[in-house]
Amino acid sequence: MKEIVFAGFGGQGVLTSGLIISDIAVENGENATWMPSYGSAMRGGTANCTVKYGEGIIYNPSQEEPNLLLAMNQPSFDMFIGKVAKDGIVLVSEVVDTTACTRDDVKIVVVPCHKIADEANHSRGANIVMTGAIIKLLGDHTMEQGKAAMERMFNKKGKNKFSELNETVFEAGYNYI
Amino acid sequence: MAKKMMKGNVAIAEAAVRYGVRFYAGYPITPSSEIMEYLSWRLDEVGGAFVQAESELSGVNMVIGAASCGVRALTASSGPGISLKQEGVSTLCDEELSAVVINMVRYGNGLGTLYSSQTDYLRETRGGGQGDYRCIVLCPYSIQEAVDMLGLAYDLAEKYRVVTVFMAEGALGQMMEPVELPDFIETKKNYWGFDGKYSYKKIGIFDRDSMKEAVALREKYAAICENEQRWEDEGIEDADYVFVSYGLTGRSTLGAARELREEGYKVGHIRPITAWPFPHKAFAKINPNVKGIITVEANATGQLIEDVALATKKAMENNVPTYALPYVYGIPAIKDIKEDFVKIANGQVREAY
Amino acid sequence: MKVQIDKERCKECGLCVANCPKQVISYEEYVNHASYHPVKIDDENCIGCGFCYITCPDGVYHVLGGDK
Amino acid sequence: MAVERKVPAIIDKPMNFCPGCGHGIIIRLIGECLTELGQDQNVIYAIGVGCSSNLGGGLEADRLHCCHGRAAAVATGMKRVNKENIVLTYQGDGDAYCIGIAESLNAAYRNENITVITINNTNFGMTGGQMSVTTMEGQKTSTSKLGRNCDVTGFPMKFPEMVASQFNVAYAARGSVDKPQNIIKLKAYIKNAIEAQMNGEGYSIVEVLSPCPINWGMTPSQSMEHIRDVVMPYFPIGVLKERGEKA
Amino acid sequence: MAKKMMKGNVAIAEAAVRYGVRFYAGYPITPSSEIMEYLSWRLDEVGGAFVQAESELSGVNMVIGAASCGVRALTASSGPGISLKQEGVSTLCDEELSAVVINMVRYGNGLGTLYSSQTDYLRETRGGGQGDYRCIVLCPYSIQEAVDMLGLAYDLAEKYRVVTVFMAEGALGQMMEPVELPDFIETKKNYWGFDGKYSYKKIGIFDRDSMKEAVALREKYAAICENEQRWEDEGIEDADYVFVSYGLTGRSTLGAARELREEGYKVGHIRPITAWPFPHKAFAKINPNVKGIITVEANATGQLIEDVALATKKAMENNVPTYALPYVYGIPAIKDIKEDFVKIANGQVREAY
Amino acid sequence: MAVERKVPAIIDKPMNFCPGCGHGIIIRLIGECLTELGQDQNVIYAIGVGCSSNLGGGLEADRLHCCHGRAAAVATGMKRVNKENIVLTYQGDGDAYCIGIAESLNAAYRNENITVITINNTNFGMTGGQMSVTTMEGQKTSTSKLGRNCDVTGFPMKFPEMVASQFNVAYAARGSVDKPQNIIKLKAYIKNAIEAQMNGEGYSIVEVLSPCPINWGMTPSQSMEHIRDVVMPYFPIGVLKERGEKA
Amino acid sequence: MKVQIDKERCKECGLCVANCPKQVISYEEYVNHASYHPVKIDDENCIGCGFCYITCPDGVYHVLGGDK
Amino acid sequence: MKEIVFAGFGGQGVLTSGLIISDIAVENGENATWMPSYGSAMRGGTANCTVKYGEGIIYNPSQEEPNLLLAMNQPSFDMFIGKVAKDGIVLVSEVVDTTACTRDDVKIVVVPCHKIADEANHSRGANIVMTGAIIKLLGDHTMEQGKAAMERMFNKKGKNKFSELNETVFEAGYNYI
């Protein structure tokens, strides 16, 4: 069973990233849970969700010890770095400063997702870049499975007009690893 | 049908429609609002009625009205909103009307918080309204179980003409997991429902005899207790310690119990599915030489522990100690449960009863 | 300088920008701790009218009184 | 030549009101209207708590005793699922305008297709004559021993005027049982209210000025005079919102 | 001062004034209305404030307002009216405001009846509102005790910053017996009361930490349980059977117990004065070889029995059987209690736990 | 020459509203009025539940978070025992007019000497933008997916008009934060409301039209235009009951 | 006889008595089961107008139709 | 300890009679309880109360086995006759028909209280007649104690304008026994 925490500012799409990953797993015949942390309001601040997937029952769908942490911004990194499992992966965007981090039992991977997204003319696609990167990093699913899940997600939301751009940045993220 | 990732509240709302719910009234509150948001457009599609009430109080009274006409009626809320429905719930029970009240439990007294929790256990199982009525209380541990159980919630409510409280932790409504939805059932009207023709001669308040009714009520409750206890258990016949825990917290506890077994501890697990009637029968199967019974709970003071202590007293020959592990809010981590278990096994924790 | 700005409070909502009669408010390049680009004022052309103070929901502005 | 007049079958059971209480008259009028409109076998009552509850004992019809004040919400639930039935609430002033003000107001606000009948006897009759929002200025009650002081408790509330002027309701009227002429008028109001519902026009309300001899400390006849002399000048009877009138 | 015949509700209302209550808000309901009727004119005489609220809900919220300003505030009700106050009571506890809520308990679910009863025991001791707060619950067995205890109700509420529920059977409010009223105390304002000057810096909801508060709450409740258990007992050290019963029902039971003793039965009696904290300590004194503990209750299903079973389990080495005698409403007659006792002693009644 | 303008000390803490939310402006205005009237060290707030709750975080003053909808009742209790303090409620439209309609209405009805400030953003902001009684006809919200159908849900409620016309209140006004000119007017309304309370005139209310960019799905500036173009024509701003005016 | 009376229902409230235009209603000497003196009518002078029926809260009267 | 049930129509003053008796006892240094049966409404019907008095604690203030039943009307008699203690007294007004009564273990006393009251020009004083009779029948207190208690009662209620008439009918009742 894998546990992944997706964290960033509200509006950065971390909840959607989590959904895509969980959806891949379910389509693949595995079990999955997606658990948002819902705050006291509509208003800004940080957002995060926890996704678990794998064979068999998932006992506790809430956050315990993530195997992978996606931190899109500094507060998210600071808040969750201590919880990552030993030998876990910490995926961060280029805006995160990891120098003060004292953990040497985790692998930190920086992906310049904002830059990659901007360069692809899809500045709101930084989360998709990271989604691609996560799939590669975890190695449980293929790029095709990821793209199909993403497609389903945006179709359902009626937001498939960015479909091509999303594919581009997804691949870029995947291949960046 | 293949399982699809669905949000708990949405899956529950759609399941309600499929199980024949044709009336919803309520007032929004996190973390239950998606149920009414979904039904605000969905009920119209199936010829049902939806009213956004001006308050929870008004909402439950609208449900009383619809239920009195024999229609499957639903209301959902959380925290303070459920408190405001208590007079209405007591009235539904008193008038022997059936309905389902969903409580997506959030943590805290007063205004409280939005955290997921199990803080309303004692209220839901004992009734927060006037009098001594009881509601059947169901507590699902997965979205799939929730979706499957909603039909049962109505079937039981109608069989006994009581209210079923569907008590789920807030997290269950907010999370997603793979679900298969039930088929549509044919909607029907309860025979006692008003039709304007006085076909069912409902007894008026001035013709009632409270003493006789008290006896009938006790018999009804005794029948429910006898017939409707539901639970899952595992490894309790030879256990040194038995965990008791329900809902998502029970699911996490099950994980802890299995891991502990693998690590060599003889622990068992009872997961109440009905909180009322409490599964006393499960306790009869426990190893008579068990050393302790342990609740795992998501509240501040320990609530389930009372029913567990009572069931232990009733079912077991010896005075077996009972322990409470209240984790306040959220879903307790498997690791924490295991660590705290070891403390109990080492005699470092005082029994509750 | 007629107006002081508490950059950390700005949420980049643009209400002051839209209401400044002199159109002298724009955004910084950098983001503050909450990741918003805070406002800046072209002091030369600011007339100290206080519309920015009046329309700002987040207490960013302090219009300095007198002849400063 | 005399015209036959007989208490309608659906209410033809003795009821438990004090001698001279107006409730009995009003209940009979409702029964007459329902019968004349062919709705007496097609009606559901949502009954309030107060002396109005006694209606439950006298009625041979579908009826539910609602929580105190909530009859309009209950009626909403009933009507939304049983659109073919006539749904009536029967409530006191305390029930509908004090504890139930939110439910009463919001049913009117939504223009819910129900009929609300409120019995305004300017006090909480059943529980011992406490002050109500309809209690007259200076009226002595068990919670206004020295007479109601409207400066701190508010002036008697005119609910039908409120909903007629503020919301898009179908019909609103106020009647009285103080004398035969007004009883006859009142019957016309009630009939209109039920007809409005039959036609799906929306919310209709009839408030009735009614005596409470026991708590007013008056004889039944004195009570009727009190209505004429003291209550009616403040709470004028008549139609407050005609059917078909624009909001 | 000589004792004078006084009606319970009136004596309680006057005692409230003497103990410094300076604010009342509520809504009438039988059998508690005389309290507010009396205070509607009486508070004015002592410079206090009285508001007849449009509902119980509004009434308890007015009490919240007055209590937040540190004034001794009161509300009273019965049956459904108390249900409508539950959100407010939970909020008072959450905000650590102190107030007294009087419940003159009447019988029945829903609209219910006006009969005197003890049907709200589980709700009052467990809280019918959201969350897991506890109120101190006092249950007087005579008008004199009620009048004396009202001061204690405020003292405890203020010491621990909780709500005290004053739970009396409806009959206690309606009956008369000789009473001596307490002296007037000097009114004072609680230090935490608002004065508009932000003198006491009450913590805002966004600065609160629920986890820490849960720990503090548990400590507070533990302290109350340790320090504030109150009861009377008689003849329990050598008893074969011990009755447990509170309020007027407890008074009748005391009569039955004494008569039974005289008739040669070794019975004892515990009368809880605090229903929460429940007098667990009393049970430690019971004869270890007692054959059974029996509750006498005025409700339909048996409610006190739960606390009695829990206390028995906790305090006694053996698993002592507990029996419930619920008489539905009214005050059980001494004769009936004695007859039913004999059935228990003869093994004709099944234990509850 | 510039006039000094500075956020008053009692509210000078960053608050947690969305970018462009009107709450911040209104709160500042209240602070300014209190300060200018010398009441900033003499005030107790009864705060509603909704985005208004965030006020609790930004305020250095006595304040209580009330149960949802009950602030007017809480304020009543406060004022009756602390007559010297200024007691204000700060509530959303959902809080004051939906769940709290009974308490809000009855405080006005009694002409309770308190000041009620309601923030009308035509929806339940905090809980995800559900429909409110102030939601505009046709407005899409999370419980009116196809746009509000006023025929079954009622037309947007005008509470200040209601209490101004039906009850004996001291002062009622509606303002807006859509542009500087209206913000300046709004401040005058708030000041009048507080002065009315200082003079013991009774109940005063100021409703404020305020944007909810996040739930309206608009930018802050678009939201202000929406207020001007859509909301204000239905909810006109201005004084609805002048001080000293007879009921 | 133009009007029938259900004597057991009468509560002796006097409303019909006060409203009978012909003043033909008075009370019996005896009391009914609820200990009220029920009304009686002077049939000779009754005009069958029905005011008694209209004003009676307790369903005592049945005005007979037609020429009876 | 004595137990007395006072029953009649609402408005007949049975609650007041009960109060007077309980007050005598308390003034006499005894203990007493007065327990009304309160119905569901203001409205007519029957009213009754139970008074107990004597030395020491009164355990149960509610009705158990009255030593004396005052029945002012037929329904009251029918309702309570079965509850009267063996060897108890049943005091009835002249309107009560006791012929159908099957109990021979109680003593039935008829006092024409309405007639006595009417003759004294105090038609509303039938309950006072009976109060006097009860004191005599029970023999625990003197006529003077009874009159004093009655005086206190009506003074408190501000209804002492009938004070003389009340005394007259009280004495008449007392002496009738």
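Going by the order they are written in, the chains are A, B, C, D, E, F, G and H; count residues from 1 in each one.
Here, a contact is a pair of C-beta atoms (placed from the backbone, for glycine too) under 8 Å apart; a residue touches a chain by one contact, two chains touch by 3 or more.
Keep in mind that what you see is a predicted model, and the values were worked out from it rather than measured.
**Student:** Counting one step per pair of touching chains, how few steps separate chain C from chain F?
**Tutor:** Graph distance in the chain contact network comes out at 1.
**Student:** Identify the chain pair joined by the greatest number of C-beta pairs in contact.
**Tutor:** The largest set of C-beta contacts joins the chains B-E.
**Student:** How many Å are there between the centre of chain B and the centre of chain D, using C-alpha atoms for each centre?
**Tutor:** For chain B versus chain D, the centre distance works out to 40 Å.
**Student:** Go ahead and note the Å separation of the Cα centroids belonging to chain C and chain E.
**Tutor:** That pair's centroid distance is 59 Å.
**Student:** With centres defined as the mean C-alpha position, give me the chain A-chain C separation in Å.
**Tutor:** 36
**Student:** So how far apart, in whole Å, are chain D and chain G when each is placed at the average of its C-alpha atoms?
**Tutor:** Inter-chain centre distance comes to 26 Å.
**Student:** Multi-chain contacts in chain D: which residues touch at least two other chains?
**Tutor:** 16-19, 21, 53-54, 65, 67, 101-102, 106, 110, 127-128, 133, 153
**Student:** What are the residue numbers in chain E that touch two or more other chains?
**Tutor:** 30, 54-55, 57, 80, 87, 91, 95, 110-111, 113, 205, in rising order.
**Student:** What residues in chain H touch two or more of the other chains?
**Tutor:** Where chain H meets two or more other chains at a single residue, that happens at 40, 44.
**Student:** List the residues on chain E that touch chain D in their complex, please.
**Tutor:** Result: residues 27-30, 33, 36-37, 40-41, 52, 54-56, 80, 110-111 of chain E touch chain D.
**Student:** For chain H, which residues are in contact with chain E within the complex?
**Tutor:** Interface residues on the chain H side: 19, 22-23, 26, 31-36, 38-40, 57-62, 64-65.
**Student:** Show me the residue ranges of chain B that touch chain A in the complex, using the header's touch definition.
**Tutor:** Per the stated touch rule, the residues are 3-5, 30-31, 113-114, 171, 174-178, 248, 251-252, 254-256, 330-335.
**Student:** If we count contacts the way the header does, which residues on chain D are in touch with chain G in the complex?
**Tutor:** Those in contact with chain G are residues 1-7, 11-12, 14-15, 17-25, 28, 179-180, 183-184, 213, 219-221, 224.
**Student:** So in the complex, which bits of chain B are touching chain D?
**Tutor:** For this pair, the touching residues of chain B are 22-23, 25, 49, 51, 53-55, 57-59, 61-69, 71, 73, 87-88, 91, 95, 194-198, 200, 202, 204-207.
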